[in-house]
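Below, subunit A partners subunit B and then partners subunit C, in two separate complexes.
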Partner chain A sequence: MEDNLTSITLGHALLFTVIIPAIAGLVLFALPKKSNRIKDILTIAITVLSCFAAFKLYASVQQAVLVGYCSIILQPFKAWFQIPAECAQYLTLNVDAMARLIILLVAGFSLLISIYATGYHHAEKKPKHFHSLLLLTLAASSAAIFADNLMVLIVFWGFLGFTLYAMLSPDDEQSSAAAKKTLILIGASDGLMILGIAIIGKIAGTFSMALLDLSTTNALTVIAFLCLAIGAFTKAGAFPFHTWIPDYTQTATAPASAYLPAALDKLLGIYFLTRICHDVFQISGGIRLTILCLGALTIIIAVMMALIQHNYKRLLGYHAVSQVGYMITGIGLGSVLGIAGGLFHMINNAVYKSGLFLAAGCVKSATGKDDLEELGGLSKAMPVTFICSLIFALSISGVPPLNGFASKWMIYQGIIDLGKGTGPENHLWMVWLAMAVIGSALTLASFVKFISGIFLGRQKPALGTIQEVNPLMWAPMLLLALICIGFGTFATNWVIPSMLEPITGNIHYSGLWNSSLITLLIGISLLLGILFYVIATSGKLRVAESFIGGETNRDETGFEPVSFYETIRNSLLFKPFYAWAEKKYFDVYELSKKLVLDVSDLFSKAHTGILSNLAFWVLAGLIFMFLFLLL
Partner chain B sequence: MAKDLLYYLIFPGFLFTALVGAIFSWIDRKVTAWVQFRKGPPFLQPFYDFFKLLLVKETILPARGSKMTFLFAPLLGLTGAALASMLILLPAIGTKPGFNGDIIVIFYILTIPSLTYIIGALAAGNPLASVGASREMKLIISYELTFLLILAAIIMKAGMTITIHEILAVQTDEGAFIGSISGILLFIAFVFCIQAKLGLVPFDMAEAETEINHGSFIEYSGQAYALIRLTRYMMLFILPAFLCTVLLGGLRTDGIHLLWTVLKTLGILLVLTLIRNTNPRVRIDQAMRFFFIWMNLLVIAAIILDYFNL
Partner chain C sequence: MYKLIPLPVILPLVAAFLIAIVGKRFKRLAKILSVLVFLSTAVLSYWYMVAGNQETMLYKIGGWEPINDIPIGVYMLLDPFSGFMLCIINTIALLSTVYSVNYITKFTGVNYFYTLLSIMVAGLNGVVLAGDLFNLYVFLEITVISSYALVAFGTDKEELEASLKYQVLGGIATSLILFSIGMIYWYTKTLNMMDITRVLHASGDVKLIQFCQLMLIAGFGLKAAIMPFHGWLPDAHSSAPSPISAMLSGVVIKAAGLYVIFRLFFNMFELNFEISVLITAIGTLSMVVGVFLAIGQWDLKRLLAYHSISQMGYVIIGVGMGMIILSRQGSLAAASLAITGGLFHLVNHAVFKGLLFLNAGAIEYRLGTRDLKKMGGLAEKMPLTAATSLGASMAISGIPPFNGFFSKLIIIIAAIQARFYILAALAVLVSIITLASFMKFQRYAFFNGKISASRVNISEVPPFMAFSMTIMALLCLALSLLLIPDLREHVLQPAVDILTGRNAYFINLLNK
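After this line comes the complex of A and B, so read on.
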């Protein structure tokens, strides 16, 4: 009976998160451009349904299930179809606790973004077919997560590369370059992953993640692991394969940035990394060391780049990279605490990072400006956006008691626990800890720039008429901000036990953190503080012009937050690194582009366009082939 | 619950720390006066200062700033200081071992007051305040790594435990951590971190009276400034108390140990005061270099020595 109920819930989940969104996505492509309102409503309706089905799946199914698609969907048609036995392995679902949680998050973000997009697209130029792409993305990512078979997973995941590209809707030189870069890097990572999967198939003879359990002892397995890991790193955006993310977020619209690079790519990438690190492979100390190194480097390098950005969307893009470092570090630790911390950070990051992109979208659609230099003093004009952004910014910087702190705290503890071991990666625990913590301080620094550059300080005269965005846009943002507070407040006593412990098993903390009590105390203090202000300042508040050392206070007088960190940029220690980074010496894409162009340059020297030369090469090639076949 | 609220608001949280902090601030000013051959303020001067701001002065808001944020920032700063005092002192004086926060939580909460100074300063819309805020932020980046490495070294000395009462238990068994060469190096680095966290000379470039007119705090007046003063009094006591707890064997209050506790914290205060009275203000880039290179090297040296149990 229970099995039957489970399979019905699962069938509904499949229907509403994969099949219906896929069909609707295709249908919406065909609808004319005028019927935007219908598209909006239809998209929201479908995402609501998929959210509901995903929640039901999350809440009602208790154990990990491994079932065939065919037994669920094709149940009524069993008499007509006969699934060949060889196909069955490709039609297996893996619905364990982690998959259920990620599906729920994917569906939830799809709903929020589709609501936001409804408001946003009326305010700004509409990307072509956004609704269809959103629904197709939802369908493909849900299918990828449901899949147990690596081949099926890569097929659906590869499809996301297309939607990612299409959502950018390139229309000028900069955005086409970004789109091309994204497509090439993501496509290359897909290629590597297919290679990795092929190697696995060769070694193990199966593609089922539930059955695989390879230990990384021989070179071939290590290569397979690295191929898959590079795929996960590229898609989630970890150093050194991260370079598409800042370019993408700089040019894409806010809903696209908030949906894919901020939320779904992280969810899927880290989901897959967790799977390969802990289900498919048993990783050795050397690989663990590599992963931790890459995690630590990702944190630091991306945040150092974020520090000097002027374009706020690009700044957020670098943070979308930097935060991945924490997740990778957590997953790479391999302990229960580390994995739980990494997954929790993945969830938290998806929440506040897509919140930040939504906030950036609100600012962009209200002002039309991209650069921090042209903004300032919007806190009064856009109060909801300001408060939400402040919460997200504090959260991403790991200020207690918000959710970003809770997950970082777990990762730090995981790192300290790692220090008890004896391998080389264990002895370096202090390095990982130092990188992670200084990364969080630098994150704070760059968000001081973000918040003050947009919302604080003096209002620019050009921004005098700015108004808050419409509720369809700020409501999803506000909800995300409340989730930030809620997840932070109830982290240790509700969120982690109910969401993460089913995945990782019981967690033993070595530290202490009672976020609920601390939040309560902060709440009480703020209430007392407001009371204090009301009583103490009764009628004595006066507004006056600032004193700036006797100078006249003009509109343009100011010290812009944009130039805050020039000291760091120009310091002897970092100056060469920034110079190299600006020449794109750290960009895998640019480096390989240069390599490819140089090599093809070499070959093109042989092809001068003179017919006799060409004929010679053709003949030489034929002779070579002939000899090769002959021998 | 009611008990926790009492811990938070009365002892050892807000009220107690504020009182002791005010007294510490008086001692600091008195010693400064002696160094400069002056007589110095009367004992109640910090209280006079505070209540004058609170009761007599009016609060003036900057015309071009974000006024609500400007007023809320000091509240959050005070909250952070009160939380830190509760989390540090409750286990340190042994009232409640293992209370609600470990050394990582304390590390983060100790940053909150500085962060709120920055937010408040940026909300003021005054260019001089912005200069102060930018310097404060860069100072945080500089000393945060050193501070973390010090705590990591302490965690290592304590056998990879991160709760204060376990660190204290190790110190009770094996003697205070300062009783070794590495411990002394950590102490030196810790004192400089406190100096920077409190914004005392030579690291007072964020407020630099003679240069940018109190920088971060230039726009604050009346009740809002009273809260900032209170936060700074509290931090003046909490940070030396934290140093005592993690390096000097804790703050025991039973019998003769109470005298030692008082002497230890006052001794650290004296060191801080003397440093601030005998040094010039450094530039922000000098401060960054000082922490990034020299202090980090010092702490790394301490960590290496600790590997050899020195």
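After this line comes the complex of A and C, so read on.
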């Protein structure tokens, strides 16, 4: 009876998260442009349904259901449709605790973004066919996560690259360049994944992830692992394959940025990385070291780039990269604490990063400006956006008691635990810890720039009157902000035990940590602080002019948060690196592009199109073939 | 069905002569007749694929029965492999012809166009149906001579130059082919392919035959435009009118080049390890060098033409790996997987490359340029062209769920299974560069800024062109379904079985 119930729930989940969104996506694609209102309502209705079904699946089973069959969905049609025996291996589903959690998150973000997009569409040009792309993305992501067979996974995974490209909906020069770069990088990583999957099939004789357990001892297995890891890294956006993310977020509209690079791509990339690191392969110390190195580099390099950005969407894009470093470090640690920390950070990051992009979209649609220099002082005009952004910013910077702190804290603890081991990666634990902590501090530094640049200071007269965005836009953002607080406050009491421990097993912390108690203490101290402030300022007050370095106070005098960060760019230590980065010397895409075009030039030089040359080639080819056969 | 075998050759020939003779008196005859004829040949070939169990049929022209088991008449051979090719040829021909209804209005001499196109299709159908080497040669010449004329159809300086190159190089290929056919005839005393197989099988390995094989590779390799015999292709395919480019790239290089190579080397000759390696090697060379040449191009049709070279490389490595495995007495399943990948890519390429040339034609029809740098912002003005070309670009770059993804996937898996690791890695690399160059096409043609002021009035292409492009785009998606076991066993597997049947298939055919 229990089994039957579970399979019905699974069938429903499959129906509502994969099949119906896919069909609806295709139908909406065909509907004319004018029926936007209908599209909005339909999209929200379907995402609500898929959320509900995903939640039921998530809540229904306590123990991990490992493998189910797609055929359950066809049970009612058994009489008409028979699945061929050789297809059965492709139709197995993997519905363990991690998959169920990720599907729930995917469905949840789809719902939030579709609500946000409903409000957004009046403000700015929305990507063409946004609704149908959103639904197709939902379907493909869920299917990729449900899939147990690597072949099935790569089909849906590859399709996500296409929706990512289409959602950017390029028009001008900059965005079409970004779209091109995005799909080339994503497509290249998918190609490598196919190679890796094919090698796995050759070594193990099966594509089923549940059956695979390979140890990375010989070269071929290592190559297969690296190919798959590159796929996961590119999707999530880790160094050195991250370069599409800043370009994408800079040019894409807010719903697209918040949906794919900020939320779903992270979920999928880290999900797949966890799968390959812990289910498909047993990774060796050397690979662990590589992963940790890349994780640490990702944290630092991306955050350093974020510091010098002027465009706030690009700034957020670099942070979307930097945070991946933490997740990869966590997953790469391999300990229960590390994996739990990595996964928790993945969830938290998806929440606040998606929220930040939504906030950026609100700012953009209210002001139409892209640069931090042109903004400022919006806190009064847009209070909800301001408060939400502040929460997100504190959370991403790892300020307790918010959720970003909780997951970073777990990763730090995991790194300290790593120091107990004996391998080279264990001895370097101080390095990983230092990188992670410095990264966190720099994140805070660049979010000071973000918050103060947009919301604080004096409002620029050029902006005119600014109004808060409509509730359809701020409601999803507010919800995400509440989740940030909730997940942070109840991290140890509720979130980790109920969401993460079913995946990783019981977690032992190295020190005492009770998130609610901490929240309570922080709350009390904040209250006391406010109390003192109120008491101290309630009496006599003296108003005096501010000291501004001896200058006279003029209208244009102001604290420019952006120019403050120029000192970092121009400092002796970093100046050459920033210069190289701006020349794209660190960009895999640009480097390989140059290489390919050079080779192309070389070959083109030989193609003069002179007839006698062409005839000569034919004869040369013939002679070569004769020689080959003779020798 | 048996009696209908010559029809795919006869019908287009009849149409060609009718159009040439009475086309001037009946204004719309050319268009209507050629569409109808290709429709009927296409339906005939589908019927063969769908109805019954696709048995192999030998049509003896004039009813000349063999004497003492020695065939004396001219035979036509219809088996699943030629049926598979017939489907591709006639489908692309039909869609190109429908497309031409609007497109050709910018040329004069419409009747000549349809006459030449019909002759070309008759030749192609003849090549895949031919049961003896001499008729194969004749039909091949019919095809290429009409395509020389069609390449020069615009009669501009560039087109004439391209046609001249094509003719000179085609002439070299023809002489190589004819010479080796002569040698084979001298050695075996017969021209019938099955009979030749029987004689060769009895005589064992002969150096003379290997010599002929190399010349045939060079000759048909030139028709198939594999490196280093590809020199004519970029000029010819980019200068021809777009529906003809679609035919040339989509069909002619396959039917007149690859089909014959596969047919002769699998079924007629004894499979030979060195020759198999050689074929795979030139396939790899085409695949890699072709894509590097393509990505640097700014002329849209030239870019597509170089990609044809590269994509033919995929087909050849797929089938070539099968050849190597079979000649080493390796596992039949691995060989069959590799050949399936190759043939699947062949049909996929016909569709998406055909579509891409039609898209290029649509852009040229409205803008009058093939230079990518002079395009931009077309996505708003020509949404259908943009959408269909996006589909085709995704298909050729191997993005799921489009058909190209699945055929490349099969080829890569087959390569890994047979331990051709380098080949698999190269296939992935080429696929990535292909993606990059089609992203370039998408970016510069359809996005990249607003449309210039002089072009604000352009609109979507006329209905017939739009119809062809839509059907082909849908085919790009629908062909993915060939992977479903039931369909695969009906469409691809019989053709693959013909090839893996090796020369025993031809020997048994005659004894039947």
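Here is the rule we use: the second predicted complex is superposed on the first by the 571 of 631 C-alpha atoms of A that agree within 3 Å, B and C clash if a C-alpha of one lies under 4 Å from a C-alpha of the other, contacts with A are read in each partner's own complex, and residues count from 1 in each chain.
Going forward, a residue touches a chain if its C-beta (ideal position, glycine included) is under 8 Å from a C-beta of that chain, and two chains touch if they have at least 3 such contacts.
Fair warning: this is a prediction, and the values are worked out from it, not measured in the lab.
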Partner chain(s) touched by A:289 [first = subunit B, second = subunit C, both, neither]: neither
Partner chain(s) touched by A:31 [first = subunit B, second = subunit C, both, neither]: neither
Partner chain in contact with A:297 - subunit B first, subunit C second, else both or neither: neither
Partner chain in contact with A:162 - subunit B first, subunit C second, else both or neither: second
Partner chain in contact with A:581 - subunit B first, subunit C second, else both or neither: neither
Partner, of subunit C and subunit B, that touches more residues belonging to subunit A: B
Touching partner for A:210 - first (subunit B), second (subunit C), both, neither: neither
Residues of subunit B that touch subunit A when the two form their complex: 4-5, 8, 54-55, 58-69, 71-72, 75-76, 78-79, 82-83, 86, 98-105, 107-109, 111-112, 115, 118-119, 122-128, 130-131, 133-134, 137-138, 140-141, 144-145, 148-149, 152, 155-156, 160-163, 212-213, 218-219, 222-223, 227, 284-285, 288-289, 292-293, 303
Residues of subunit A touching subunit B in the complex: 377, 379-380, 398-400, 405, 409, 412-413, 416-417, 419-420, 430, 433-434, 437-438, 441-442, 444-445, 448, 451-452, 455-459, 510-514, 517-518, 521-522, 524-526, 529-530, 532-533, 536-537, 540-549, 553, 557-561, 563-565, 567-568, 571, 573
Contact set on subunit C toward subunit A in their complex: 164-165, 168-169, 172-173, 176, 210-211, 214-215, 217-218, 221-222, 227-229, 231-232, 234-235, 274-275, 278, 282, 289, 292-293, 295-296, 377, 379, 394, 397-401, 405, 408-409, 412-413, 415-417, 419, 421, 424-425, 428-429, 431-433, 435-436, 439-440, 442-443, 447-450, 485-486
Residue ranges of subunit A in contact with subunit C within the complex: 84, 86-87, 151, 154-156, 158-159, 161-162, 170-173, 175-177, 179-180, 183-184, 187-188, 190-192, 194-195, 198-199, 201-202, 593, 596-597, 599-601, 603-604, 607, 609, 611, 613-615, 617-618, 620-622, 625-626, 628-629
